[in-house]
Every structure is written in C-alpha cells, then in structure tokens.
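This is the structure I have questions about; it appears just below.
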Amino acid sequence: MDIGLLGQYLANGVMLGTMYALVAVGFTLFFGVLDVIKFSHGDVLMIGAFTGFTTYLGIVAIGIENPWVALVAVLVVSIATTAALGALIARYLVLPLKSAPPLNILLITLMLGTALREGVRLFYPDGSNPKAFPALLPTASLELGSFSLRADSVILVSAGIAVIIGLNLLINRTRLGLAIRAVAQDEETAKIMGINYTMIVLVTFAIGSGAAAFAGIMNGLYYNEVNFGMGLLLGLIGFSAAIIGGLGNIYGAILGGFLFAGLQTVGAVALPFASAYKDVFAFGVVIALMAWKPTGLIAERSSDRV
Amino acid sequence: MKDDVMKTPIPVSLPPLATGLIAVAACAIFGWLFLLAESEVAVLGLVLLAVLAGWGAQKTGLSATLGTAMHQHSGAMNGAIVASLLAVIALLGTEHFPLLMLSTMLLYLVAALGLNVQFGLTGMVNFAGAAFFGIGAYTSAVLTTHTAVPPLLILLAGGLIAALIGALLIVPVVRTAGHYSAVVTIAFGVLFKTFLEVNEVLGGPQGLMVGSMNVFGWDFNNGPVLMGHEMSFYVNYALLSSGLAILAFALTRRLERSWLGLALDSVRLDETASACFGINVVRAKVLAFTYGNILAGIAGALYGMMISFIAPNSFTFSDSLLMVSIVLLGGLGSLWGSALAAVIVVLVPEKLQILQEYRFLLFSVLVIAMLLFRPQGLLPRGVRSYFPGGRAQR
Amino acid sequence: MTRTASRRTVLAAALTAALSISLTTPALAKETVKLGFIGPLTGGVSNMGLGGRNSAELAVDLRNKDENAKYAYELVPLDDECKPNVGVQVATKLATNRDVAGAVTHYCSAVAMGTVDIYHKFNLPIIVWGAVLPDITYGNEYAEVHRVNGTMINQNEVAADFMVAQGYKSWAIIHDTTDYGKGHNTYFTKFLTEKGGKILGTFGVTSDQQDFTAELTKIKELNPDVVYFAGLTPLAVRIRQQMDKLGIEAEFQGVSGMKSDAYFAGLSGDLAEGTVTFLEGAPAAKLPGGAYFMSEYDKAGFGENYEAYGPFAFAAMNLLIDAVEKVGPDRKAVTKYLADVKDHESITGPISFDDHGQNTVALITKYVAQDGKWVVWEDSEYASGKRQLKHK
Amino acid sequence: MSEVLLEFEGLAKSFGGVRALDGLDMRVKRGEILGLIGPNGSGKTTSFNVVTGIYTPTSGRVRFDGRDITGLGARKVYEAGIARTFQRSRLCLDLSIFDNVMIGNHARVNNGLWFNLMNRRGLRREVEDGYARARELVAGFSADLADRMFAPVGALPMIERRRIEICRALVSAPKLLLLDEPSAGMTHDETAQLMDDILAVRDRMGDLSIVIIEHEMGVIERLTDHCVVLSYGRKISEGSYAAIAADPEVQTAYLGVD
C-alpha cells in the first residue's frame, strides 16, 4: 500500500476518532457528576444536527448568503437549543429518578432516545428521508498522489479537538469546573460547601448536550447529510468508547474514541476476511479489552471506600 | 397481575383467600377480553379499566389484601392462577392470533425471568437478552432441519448452547461491573446480530426455516381436536409455553428463596462485603449468568419453532431492550412484576397497531411515564422470604 | 389526577389523528370488505412502508368514491417493523381475521419469507408489493402468494447488460448486509461476470452505517470504473457524498432501493447527476394510469412521498379490489381469480402471473439522474448523447 | 498451640506512590482485645483490608493461627476464621436482619445447586436451624431485635445496625473479630451500650480475639488489653493504654507537632 493511501486512512481515522471522542466526552461528563448513563445522547446529537439544519434553512429563507454568518448562526442556535434540551432531560427525567435503581435512568433515556428519533421521523417534514446538510466550509483540497486532504476536514478536526481541549480546561481550570468536580467527587460534601447541586447537574448536562450538538453539526458538515437515525449508532459507539477508555475521565473518552475509530478502519481495510465483519471485529476487541481491563484503559479512581 | 382487579367494590369482610381468588378470576377474564379486543374503543377502555383498577386496588388496600393472600395461601393462589391460565387458553380455543400473542408473552416471560436472576437478583447487567434468545432459536432451526433430535430435547439444547456461548463472555462479565459489563453485553448483542447477517452458513440476513414442535408423534402444527372441535394449533404452543413458564417461574422462585438466592442478593448489594463473609462471588455470578442464559435459550428455541421462521432482524439490540424493560417495569427482582410487565411490553405495542406509524412513539412515551410514576417498578419486590407463609410476614 | 387526565387527552388525540388517516367513510348500504396492508411503518425503512401504505390507501379511497363499486372497502394497515417475528404476528392477525378478503403485503424479503406459510395455511390471497427475493414466489407452491413487482434477478440482469454495453470494464461493489443488499450483490455479481465485467472488490456494510471512508479509500486504491451500490437511499446518499469527499471519479450505479426523490434531497449540488439506477415495472409517469396516480397522490396530501414501490402497492391493491369486485369477498374465489390474471392493465405495466404467482412481465426501467430528477434513460440527454456518464 | 494468633511481618502496601503501610510488624495474642489507634490515614483500615484479603500486600507476610494467609483472598481468609465489621456500615439495607446475619453464616450452609432448588425439605430444616442460631445470637444483644428478625435492616437506627453487623461477623464463630470504628455515627450513650455488648459477647464466646480500631479513647481505655499505635503506616508505639497514652511520640503523632 502506498504512503498516500496510508495517510488517507489515517486522516479518515482521525476525523472519525474526533467525532467519537466528542460524543464519548458527553457520556463521561454525565457519568462524572451523576454516575448515570444518559443513553439518549446520540439522539440528542441528532436533534442538534436537525436544529442546525433548520436554522440554516431559516437563514437562507431570510436571504443571508454568507456561509460564515450561516455557520455561526447554525452553531449558536443548535448548541443553545440542544443544551437547553439536555438541561430539561436532566431536570425532568434524570434527577427525579436519582433514588431509583440506576438502570431505570438508562432505560428511561433509551426510551427518550426512541421518542426523539420517532418524533423527528414523524413530525419533521419528510423526516424519514435523509437531508442534504449544506457545505458551509471551504472545500479546497490538497492532493498528494492518492492522498486528498480537504480544507473542511482539517477545519472540522481542529475545531473538534479545540472543543475537547476547551472542555478539559473548563473542567480543570475554572470555578465552574471546580464545582462540577466537587459534585462529581462527593455530592454531600459539595452541598455542604454551598454548591447549588441541582444547578451544577443541569449545567453539566447542558454542556455535554451542547458538545453533542457540536458533534452533530460537525457530522453534518463532514458528511453533508443528516438523518433521523444518525444518533443511534453514534451513541452506542460513543458510549462504548467512553467505557473502554474508562468512565469519568476525559482522556479515557478521547483514547476510547480514537481506538474505536482505529478498530473500525483496520477492520474494514486490513482484515484478511470480508469487510462486513468489521463491526464483529471491533466489538469483539471491545469485549476482549474489557476482559483485560475491567474498568477501562485509564481506570477510574476507585471510590469503593472499605 | 394481581392489581388488575375489576372495580366492583369487595366487602372488606371477605377473607384474603376469597378476595384473592376473585381477583385471579377477574384478571383472567380481563386478560381474555384484552387478548380478544380489536377495536380502538375496546382497547382503550380496557387499558383505562386496568389503570383505574390498579389505582383503586392501591387506594382501598386491596393490593395489600392480595399480598396477604399470596403469602398465606400460596398453594391455592398459585393453583388458581394456573387454572385460570388454562381456562383462558381453552376459552380462546380457536382464536389463532390471541393464542399466538399469549404464547409469545409467556415465552418472553421465561426469558425475562432469566434476566431477572441476572440483574434483578445478582446485579449483572445483560443487554444481550435477545441474542441469547436468538441463539436458542437458531439452535432449534439448525437441529430441526438437519438432525432427528427429538424436539423436546432441542429445547434443552437451545438452553445449553446459549449457556455455552454465554460462557465465552464469562471472564469479561464476571470481572466487570455496572456500566462496564453493560458494554460487554451490548457489544456481544451487536456482534451476534452482525455475525448472523454477514455469515452465510446460518442463512444470512434472509433467515432460516424452523421445524415445528413435535412430542411423541404429536405434531404441534396441527390443531388438537377437543370434543369434536378442532382447536387452533397455537393451543399446543400455548400449553407448552404455559408449562415452560410455570416451570421457569417455580424454579426461579425456589432459586430466589434459597441460600443461593441470598448469596446472589448479597453479591448485588455489596460485592466486597460478600467476599469478606465467605460468599463465592465468582460462583454466584457464573451461576446467575448461566441460569439466565439457559432460560433465554430455551424460550428462544420454542419461540423459533412457534414462529417457524427466524432472521437476524428479530434479535437486535432493541429486542434486548424490550426484555430489559420487562424486568425494570415489573420491578427489579420481582417475579410477578416480570409477569405483569411481560403482558404490557408484548401486548401493548401489538394493541397499538391501530396507531400504525405512531405506535412506537406512544409506546416509548408510555414507558417513560410508567418509570416516572413508579420508579421501583409496577410490582416492587417485597422483603425476601424463604417459604411461602413463612415468617417473612412482619 | 390532572396529569393522568392530560395524558389521556394526548392519547385520545393521537388515536383520533391516526384514525382519521386510516379509516374511510364507507358509502351507505354497501357491504364492507376489509383488505389488509402490511409493510414497515416504523423504524429505518419506514419511508418505503409509509409510501406503500399511502398508495394502497389511495387505491382504496379512489374505489370507495366510485359509485359503481359493488362493495365498500376498508383498509387494515399493519406494521411489520421489517422484522420476521413481528411480520408473523401481524400476518397471523390478518389471515385469521375472517373479514379480510385479501392483502397487499411486505416490503422486506426476510419478513415475506416468514409469512408466506401463514397465508397458505389460512388461505389468505396476498400480493407482494415490494419484497424482491425470488424465493418468495418460487420457493414454494402456494396458490395464495403473488407478486406484482419483479424479482432482483430480472433487475440485475438488465443492469449488468446495460452497464457493460456502456463500455465499463471494472466494478467495486458495496452492499448492505440485509437480505436485500446481499441478494442484489449475488445476482449482479453472477450476471456481470457472465457478461465479462470485472469485480475488483466487494464490501458489506451495515444498514445503519454512517461512515464509509475506510471502504471508499480502499475502493479509491482499486480504482474501478463503476461503484455499484445495493441498498437503500439513505446509504446511497452517504456513499455518493463520501465518494466525492475522497475524490473518487467513478460512475455511481445503484439498485431499485435508491430510486427515490430523497436521493436528490439528500445530496447537495450536482453530486446526484449521472447516477444510474434500475426499477422493475414500466415508468409510471409515462402510462396514463400512472399520471393519474401521481396527481391523485398529490391531491390526497399525504405527508410522505410514495417512493419507488408505492406504484406497485397501488397496482397490487387495485388488482385485489378488481378481483373482489369480480368474484366477491371470498378468499378461495379471489385466489382462483388471481391465478388467471393475464395482461391486467396497471400503472406499472401489464400484470401476468405465472404458475408461481410471479408477475412475468419483467419490465425493467433504467433511470438516470438528470437535473435533480430520475429520468427514464431513453428520454434522457445521456442517451441522446448531449451529456456523458462518468468515464475516467 | 502458639500464643500468637495473628502476626504481621514487615507488612507494606502502597497505592500509586503513597505508602499506606510501611513495614508494619504486629502481633495479636490469643484471647486478647487489641486496640489499633493512630491519626487519620495512618493505615489502620488498610491493615484490616490486607488481613481480610481485600488488598494484596506489596510486601511482607500475614500469619494467622500458624498459617500463612498472605494473598489468600477474602473468602479463604474468612474461612480461616477471621470476620470483620466495616467503618461505614455495609449491611444490605434491603434485606432482613435474618438475611444479613445469615450472609455471615454462608460458608456453613449447604450451597449445592440441587439441594437449594430441589430439596425444599432439607432447606427448610436448614433455614429453621439458621433461624434459631441467628435469633439466639441477636437476642444476646437485644431482645427487641430478636423479635423482628424479618424486618428490613434499612429501617433500624445506627446502633442496631452495628449490633447486627457484629452478629453477622460472629455467626460463623470466628477466632478473630476485626472491628473497624464501631462507635462511628453513634451517640455517647449508644457507644457505651455497644461496649457492654462487646464485652458480654467476649465472655460468652470464650477465646475470641478482637482487634478494634477506634478514635474514642474512652472506648480503647475500657476495652483493650493492649494497644498498637500507627503513624504513616508504621508502628510507633505499643503497650497498655496507660503506657501509650503517656508516650510523647504518640502525642506528637496525634497533635501533628514536632
């Protein structure tokens, strides 16, 4: 295989990994503060993408042509709406179930995911068919032999990584991040320290969902297509990535995201048998990894006080 | 099941056993009507009636009386429940479709009982219930078409193969906990379905035919003749599924109410402390995981024969979710809860067919509502006891 | 209590909404005959199922408006979720309902394979409106089972012939791993190799996959003349889009499952331009009945497009109604009537059933994407030479 | 029979870079009550966790009753005759008093699959036996509790939970009982009552040895025969309560001044 193609695979993998990592980071955040898995995350991402798409249609309808203006509007509206949705989910579906078995939250958010998906399919105009997401980024491309790198891909990956770094800084360097970490560490103590527990939970869910919206837009801009089912698999993969990496740890999420992307790429290209087995391969490796490292590659600090 | 009593006011003076028997009869009549209900008015009316009756039973203390009846007269109550199940089957007699739904429900209950041991008692999450169910179904497809193994043995084989394949997962499942083991089973579920699809040996995405059940020359795909009337052939399956469900229920109940059940509960509640008191955590987990998979596999094997055609699409992640929702809606560890929830999860989407494309939306909203209003499940599990009518009363 | 009450209102509202869609007011004094429809109304391929459901409903509605009709017809639409087990459930429900005289069923082949036994067992005459697996009609001897659309055999034979004639030499195949995609792959591979085409690589993908860059990069390396895709529109859109991302210049060729207007709605710019696809049946728009169907469909104001197989559902339902009009709502009689159908006019061309109930008029129409529409090949600027398909 | 029941030899345990135990040598004699004291983070609970097999030591050995039990695993250690309570009460709150006590007796009941599923008669007999045994044990602490053997533990006040925890540890008749801060979360009076209970149990159970971790010096003074003081994972002093109380090094360690 020539170097150009190898580079191409690498570039594809990095793109995919960034997207997975963005989704995984959301799972990690929610798990960090509340010890819950919000399984509707993938479908929230889809809502983000559709909100962005609708915003774009609105922008075009009022006659604004500049792609950068459109892009900013799409991002702002989509992230704001989705963040609000995330906070609402936390407030009305997750917090009320805090004392119930943790599996209930998993089930209720799974069902919410189904409801969101079916809702878009049924009530968005022609929602059961894919939509063409506009290409708002420059598409100039760099061709090196069989390697082609497009400007939009570079921008998207950089933006994605910037968001992940930004989230990391937010968690580790700001007062808000301190409060989030305090809640994550010990709810009771955080409350005694005067932290508004409910508020922090809602904010965290808003942030995580906002990140999902960003990933949704990124997805739309990269593939130029969005559809009502796009969140299902992304959610599943993001969750798996967060787990393999090790929950409650942003670096774990990033590692898991890129690992999963790598596995899929290798599975599709380099396996001696048919490429249709690539998911069998990827998920098989996940199982093996979990047998080897039962608490993820970057293990969560044990909170099991004896 | 015991909450869905008709709304007729029952005099408080009636002894618990009488109340219980009346309630069982009422449930049976209700179930019979609901299975037959076709028109939207009838379905809606019956659902409302059930909700009102459940609510009323709570308010009037009727459900507590029923609990007492179940405890003090468990023999009579269980007998009555079995009898009314048989009565419903006999009443349905020639009605193919309701019998098919009833059998489906019972087989889902068997699988859900297995899952309940896994995560209701032991706290091991299994999101691949449909995969183990599917392993059973595929086992029966292969064995009925390629071998002369007697079909009753095939049911056992379905369970065993499910347990064997499940054994591949034992290392990761035993080592991981909570969400981490959720990922292991989710990965397995996805892997299983994709493998079936890309693999040609097992029929690929087009699926496989499954032979019918046959006990000592009695072919289940011919309707039995009762007093000169030919019954639906699904009566056979309904009877066998009932037998299987009763067996699974009794066995699971015994498991729960034994030292092993205590060990499973203890492992769920505190693994470290359990180990410190000499409980063999690994053994408990292996036991629960295998037990659950066997039940799912057996149920799947019979389901395959009944449906007579299977394909990977019937055993997806969302089917596993249906099974998980049976356990959660019923209440973790609650066996009667699983029975009630199996009725809801299997029958309600079917009855929502009148809503056509809106039915899944409504179903998911209904489940969300149920979880919000009854976070501990519809029939939460009571305090452990060892023997019916034993000392666990106070 | 107020919360419960409001939930109940929502439920009632939803019910009413659904009922107003599905039920039609039967004319007075006519006997009502129930006819079934089964297809995927929820889940990933629901656009196809809804398109079929609407088309079948349209056929029923139009007939009910006809004063000369002997019966009032009522559609019983059921959802099979594209899952065999659910399919068996609803098929049993329909087949054991003695009021149902016949049905138009199934888009998904695996589901149809599972249900044909039931129709036979309960003597319910059915006409398949979308599933394309040959075995549905040819794998059994059931008199009850018919199909108006062609099988994937016909389609791929024509496709292979046509593409080789266009001068293409080498192919890369992407198919989804459902029965639909895999079946198409099998037949296309068979016919193409017979005609001397070369297949450089075959890639199976799952039907909900989003990213195809790994497969496509490999394809870029293989450098085929044509990328053949067997699957449904959503995947086709993603693959075409990502081909462009990676700078793959090959021609894009697809199967009937992507002949949908959604292909254009999903693709930005002129990416769709020049894509070739094939569909069983005559081009509806060119037949008088077809134009009528299209205008009536628009008038009825359905929320969804009729999609590629809607016309077949319409034709099948019309045929079924014709049968009932002729011989009455009797299952055996309807089955008998259908067995003798020869050259029955429909909006998808004439229908003639062979002894397996398969429509033998294996008309396959070639389409090319031109200016945001699917244009019948013979009428296109590509055929006239004004435009060129992609040749590297 | 040797006089020493439990012996640590150069026991060390590190977490990452932190040395929670740093070469600890210690002995517990048969039949004595030993007080284990030291400031927070000095390694007291860690030493319990190493003994009971929850942690494997980084280096060093643990000998119990003439046997090397290092790295044996929690279950085997329990079977060897060591039972414990936890600093944060770790009862199964959803389960009844009876169940919680019987968890402690688990190694002695028949755990066979066939027995549990099929031999209901045999199981009933074992349950009756177990009930009699558990009830007697609980009655030794509180007659009131013994009347409510099937009530869920979650509804009981802290002192009752502590008693049940001790019953759970005692039901298997261990040779050594490890008590991790039994007074935590209790009032002064409750603590005093619990001390009486412990002493009474010891009287009843003959040669039971107890190691107790405690911050309440009153408790230590009243209960223990011998004390060991830890600081930074090392033993800094040893002797009777009076002796260690007078030790300036112990005072320094507690007050944190040089």
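Chains here go by letter, A, B, C and D, matching the order in which they are written, and residues are numbered from 1 within each.
Rule of thumb we're sticking to: a contact is a pair of C-beta atoms (placed from the backbone, for glycine too) under 8 Å apart; a residue touches a chain by one contact, two chains touch by 3 or more.
Computed from a prediction, not measured in an experiment: that's the story for all the values here.
Centrality annotation: B (chain centre taken as mean Cα position, compared with the mean over all protein Cα atoms).
On a Cα centroid basis, the chain most remote from chain C in this structure is D. Computed from the mean C-alpha positions, the centre of chain A lies at a distance of 47 Å from the centre of chain D.
The geometric centre of chain B is 43 Å away from that of chain D, both derived from CA atoms.
Centroid to centroid, with C-alpha atoms defining each point, chain C and chain D lie 72 Å apart. Chain geometry summary: the mean Cα position of chain A and that of chain C are 35 Å apart. Multi-chain contact residues of chain A (touching two or more other chains) are listed as 118, 274, 276, 279, 306. Multi-chain contact residues of chain D, defined as those touching 2 or more other chains: 54, 86.
Counting only residues that touch two or more partner chains, chain C has 42, 46, 50, 177, 204, 206. Those residues of chain B that touch chain D in the complex are listed here as 251, 254-255, 258-263, 265-266, 269-270, 272-281, 287, 383-387, 390-394.
Touching chain C in their complex are the following residues of chain B: 40, 44, 48, 51, 95-97, 100-101, 104, 194, 197-198, 204-207, 303, 307-311, 313-314, 316, 350, 353-360, 362, 369. Partner chain A is touched in their complex by these residues of chain B: 119, 125, 169, 171-172, 175-184, 186-188, 190-191, 194-195, 197-198, 272, 317, 321, 324-325, 328, 332, 357-358, 360-361, 364-365, 367-368, 371-372, 375-376. Partner chain A is touched in their complex by these residues of chain C: 42, 44, 46-47, 50, 177, 202-206, 208-211, 213-215, 217-218, 220-221, 233-234, 237-238, 241-242, 245-247, 260, 262, 265-269, 303-305. Listing the residues of chain C that touch chain B in their complex gives 4, 7-8, 11-12, 14-15, 17-19, 21-22, 41-43, 46, 50, 53, 77-79, 82-86, 88-90, 92-93, 96-97, 108-110, 113-115, 117, 122, 133, 135, 177-180, 182-183, 204, 206.
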